[in-house]
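As structure tokens, here come the structures.
In the two complexes that follow, subunit A is the common piece, with subunit B as its partner first and subunit C second.
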Partner chain A sequence: MRTTFLIVGVLVAIFVALPIFIVLPMSFSTSLSLEFPPPGYGIRHYVQFFHDPTWVGPLVNSFVIAAGTTVLTMLLVTPAAFAMVRHDFRGRGFINLLLLTPLIVPHIVMAVGYFTYFARLHLLQTYVGVMLAHACLTSPVAFLTIAAGLKGFDRNYERAAQSLGAPPLVAFFVVTFPILRIAFLVSGLLAFVHSFDETTVALFISGRDVATLPKRMFDAIRLQADPVISVASSLLFGVVLIVFAAAMLRQYLGQRGAR
Partner chain B sequence: MKPLRASVIPNRWLPYVLLAPLFAFLAVFFLVPLAEVVWLSISDPALGLGHYVKVLADPYYRRVTIDTMGTALFVTTLCVLLAYPLAYVIAEIGGAVGAVLLMLVAMSFWTSFLVRTYAWMIILGNRGPVSTALHALGWDPPPLLLFTRFSAVVALVHILLPIMVMAIYAVMRKIDLNTMKAAASLGATPFAAFRQVYLPLTAAGIVSGSTIVFVLCIGFYVTPVLIGSPREQMISGVIGQQIEEFLAFGEASTMAIVLLAVTVVILSVYHRYFGLDRLWG
Partner chain C sequence: MSYLTLQHLRKDYGSAVLAVNDVSLSIEKGEFVTFLGPSGSGKTTTLMMIAGFECASGGEIMVAGRSIDPVPPHKRNIGVVFQNYALFPHMSVAANVGFPLRMRRLPKAEIASRVGTILDIVGLGAFAKAEPRRLSGGQQQRVALARALVFEPDVLLLDEPLGALDKNLREQMQLEIRRIHNTLGVTTIYVTHDQTEAMTMSDRIAVFNAGRIEQLDVPLKLYHEPATAFVAGFVGDNNVLDGVVAEDGFIAVPGIGLVATGERPSVPAGAQVTVAIRPESIRPSTKAHVNAAEFALGGLVNYGDSVMLIGTVGPTPLKIRLPAREAARFSPGDTFTVSWLAAQVHLITN
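Let's turn to the complex of A and B:
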């Protein structure tokens, strides 16, 4: 029984890991086609990627949009997390449900909505439009992360600061924020990567002007089998490593909160 | 001791004031566009429920809906079958092997859908390793693997598998293995102990994982559109096509609302029996 599980489990894990070991070597291929394994290795596709404004532009757009989304999400979500964790009030259950609905609605549904709604507001193909949409979609995860950190926070630190005369906002920035900085960092990173990776909504609303990297990749994949896409994939994958560190921190945080 | 706070805002108003920015933001930039989809489905181009009648009765749309549900069911089943042994190794065998496998699963989870879809396009492409291997084995010409339902299912299973593993693993790690020893000491064979004791204890993980995977699968856009068969589209693909090619917002919105309704019904059933908060761990 155990042995069977072990063998099958390891085989499944190989299936899970396979693509990572395909895309990275592919980006260093010397071939112009999607030949695998590559006939030789070089950095010509990277050189091509960074000399092509139609690739570098979307890369920059993605960073701008993800950064803006992160700031906006954090500003909105932080006070809300404080309210939900520390207060009991009428309508709490309903609001909790509402805050999490962006997790439930399929992105293609929102893509349809944003496409027409933002057209009327003249927000199609603008940085602001994509940021607004992404902030909605990333808010539940960012909110849950900060709320989790806040639940494990010992309020006596804050009370001590306030009893020494610090106004609530000062106490927040001097005491609460530094103690919970890991929760804020993780929450921010998750929002950043979520926005950086988001494809479906960006496809419909970023258009040509502010095309994000995933949008550019999607169009390229649909058009032709261009190995430069492997470079974009590897860059997108690089962002994963950052999140990965964030996820580890989150787990560490969760364990500390449980104690 | 009562917490001290600024007296400008009365205490019972404070939570509402703190929530107001996010609430207002979501109302204007999430709920209104969502309501817009509902409105379009009954008003574009003329007011009425015509699109719903068409989407529910037209054989083409009915086939798309049935195809989507069928594919999602198949993908979910495969995910359970593949994820279970992997989660078992991580949770119960553990050690260095378990740690490495958990890391691989997490890494895959965090890799963009788009990147993983693209990887499968290389693997299953006509110059990829699978075709080369089949050719070497004497299958000439090798079968076309890409842009079929097969390739869509493979990529979807691969993309959703980590979520299933996490859901089952979360339940498995809490199981006390002494229950298995107790079963063995009462004379159960390892298989009987597994089937009658261990498997039922992990059922909650399978249900949670299947719910998430199924719901994500029916709403998935990117992967089926890129790697699936253009002739056997899923609901989301048809929605995208209606907008991009035909600018048929009414029909696209109607399909979107049907998709949303199915999602909400499934999650409500889950919520009734298990509680949605458990879905997000």
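Let's turn to the complex of A and C:
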């Protein structure tokens, strides 16, 4: 029974991970077109990627937008989570639902909406526009992560801090935040990664000026099968992998330190 | 001159009954007062209102003659110790204890010396650098106590601080808290549902029930002269019996008959009263007294040093506590005469 589960699990994992094992070797290929398996290995595509401003620009844009989105998301969902977990008020259930709608509404629908609405606000093809849209998409998961942490948080920590002379905001920063740092870290990372690889909305509103990496890749594959795409894919995957590996390493080291 | 005063304090959570209903009391500077009561009696809610974590729905809290209602918790200068200690897990023992001093922006050297002094007082001088979670429950409780005392609070509030400890440690910590209180002389309010704890520690005890204070008195007076039927039943084991004042000043108790009391009733004949007789005041007896009854033994509860005999007199339940050796000759189903002295019958008239 256990072996069967193990075999099925491994097969599923291979199936899911297979595209990575195709894209990664292709990015180190010497071939001038996208072909698999590669005829030889080299780093010429990487050199080309980093010498081409039309690729490096979107890579930088993606980092800037993901970072901005993360900050914006945290600033939005932290007070929201406190309000929803700590207080009971009229319309609480409705607002909770509203907070989670970006999870339910198809991204393409949101993208069309942003495209027409942001045009009027002159937010198309701007960092702020993409960050706002991405913050909306990332907030439900970030909100749920922090709310879950907050629900398990003993309020007596905050009360103790206040009775000892800490004003509410100070109590948050020196007691609540450090104790819930894992929840905040995970929440922020999820927002960062979600924004970094978000494609649909970026496709509609990032335009040429602030094109993100996924948007640039989509443009590239529409025109020609440029093998540099495989480099971009590998980089995209690499960033996501590094972010999560760093988070897990931190948590692992934190637990070892605590023991 | 009272130091801490509660005037007609109320807390309304919007349910049918008030969580705290018109609580008034005044506490002297340096006094150790315990709030004793069953869970849901309003004692912790009252404490939380004094600390400022809950808003009062009505009434006033005064410290040293000034109302503290508009003062936020962090400016009240009141130390609080929680049942689960609430030590900050990401700070060392010394950092926890130094926290209130850092919030008050004291110089580093002074913080270090005051933290050292208070840790010595609670007997944890050697644990300054330890992480709170590595300490035992009793040690954590001492750290919480040190943290709540190091900034010389006007009032110290303790919310069931020993609830999570086992019996031996609890008794040890009771003495410890009393010793620290005697050393520092801080005005203290201690919340517990454990009446033994209240008896051994307090200068005075306020017995809470259903959001009200039933009685506020010194422990011995509470034990021997309970003001209400609830206090008589809650503080120590007791036989609380309803009766009616008879013509000659005796009390007619259903099932037992006429009962003579120590003090003559101040209410007229026919009035509803309550009499309280401690189980240890009742003895097996051969002669039929005025204060005597036929006791039908239902069961025995062994406490080791003593035995509680539980049974009935007619329809009325009655408890008798005997030394273990005396109780050995009785077994469930026995019927025998018991009696008590009039002086040991306490009369409750309201």
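Following the convention adopted for this analysis, the second predicted complex is superposed on the first by the 228 of 259 C-alpha atoms of A that agree within 3 Å, B and C clash if a C-alpha of one lies under 4 Å from a C-alpha of the other, contacts with A are read in each partner's own complex, and residues count from 1 in each chain.
Here is the rule we go by: a residue touches a chain if its C-beta (ideal position, glycine included) is under 8 Å from a C-beta of that chain, and two chains touch if they have at least 3 such contacts.
The shown structure was predicted, so the numbers you read here are calculated from the model rather than taken from an experiment.
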Touched partner set for A:Ile108, first subunit B, second subunit C, both or neither: first
First, second, both or neither for A:Gln162, with subunit B first and subunit C second: both
Residue contacts on subunit A - larger count, subunit B or subunit C: B
Subunit B versus subunit C as contact partner of A:Leu223, first or second or both or neither: neither
Contacts of A:Val175 with subunit B and subunit C, given as first, second, both or neither: second
Touched partner set for A:Asp154, first subunit B, second subunit C, both or neither: second
Which superposed partner A:Tyr117 touches (first subunit B, second subunit C, both, neither): first
Shared contact residues on subunit A - subunit B and subunit C: 159, 162-163, 167-168
Interfacial residue positions of subunit A with respect to subunit B in the complex: 1-2, 4-6, 8-10, 12-13, 15-20, 22-23, 26, 33-37, 75-77, 79-80, 82-84, 86-87, 89, 92, 95, 98-118, 132-133, 135-136, 139, 143-144, 155, 158-159, 162-163, 167-168, 193, 197, 199-200, 203-204, 214, 217-218, 221-222, 225, 229-230, 233, 236-237, 240, 243-244, 247
Residues of subunit C touching subunit A in the complex: 51-53, 72-80, 82, 84, 86, 88-90, 99-100, 103-104, 131, 133, 147-148, 151
Residue ranges of subunit A touching subunit C (in the complex, touch as defined): 154, 156-157, 159-168, 170-171, 175, 178-179, 258
Subunit A partner contacts - residues on subunit B that touch it in the complex: 1, 3-6, 12, 14-16, 18-19, 21-23, 25-26, 29-30, 32-34, 36-37, 40, 82-83, 85-90, 93, 97, 100-101, 104-108, 110-123, 125, 127-129, 158, 161-162, 165, 190-191, 194, 218-219, 221-222, 226, 236, 239-240, 243, 249, 252-253, 256-257, 259-260, 263-264, 267, 276, 280
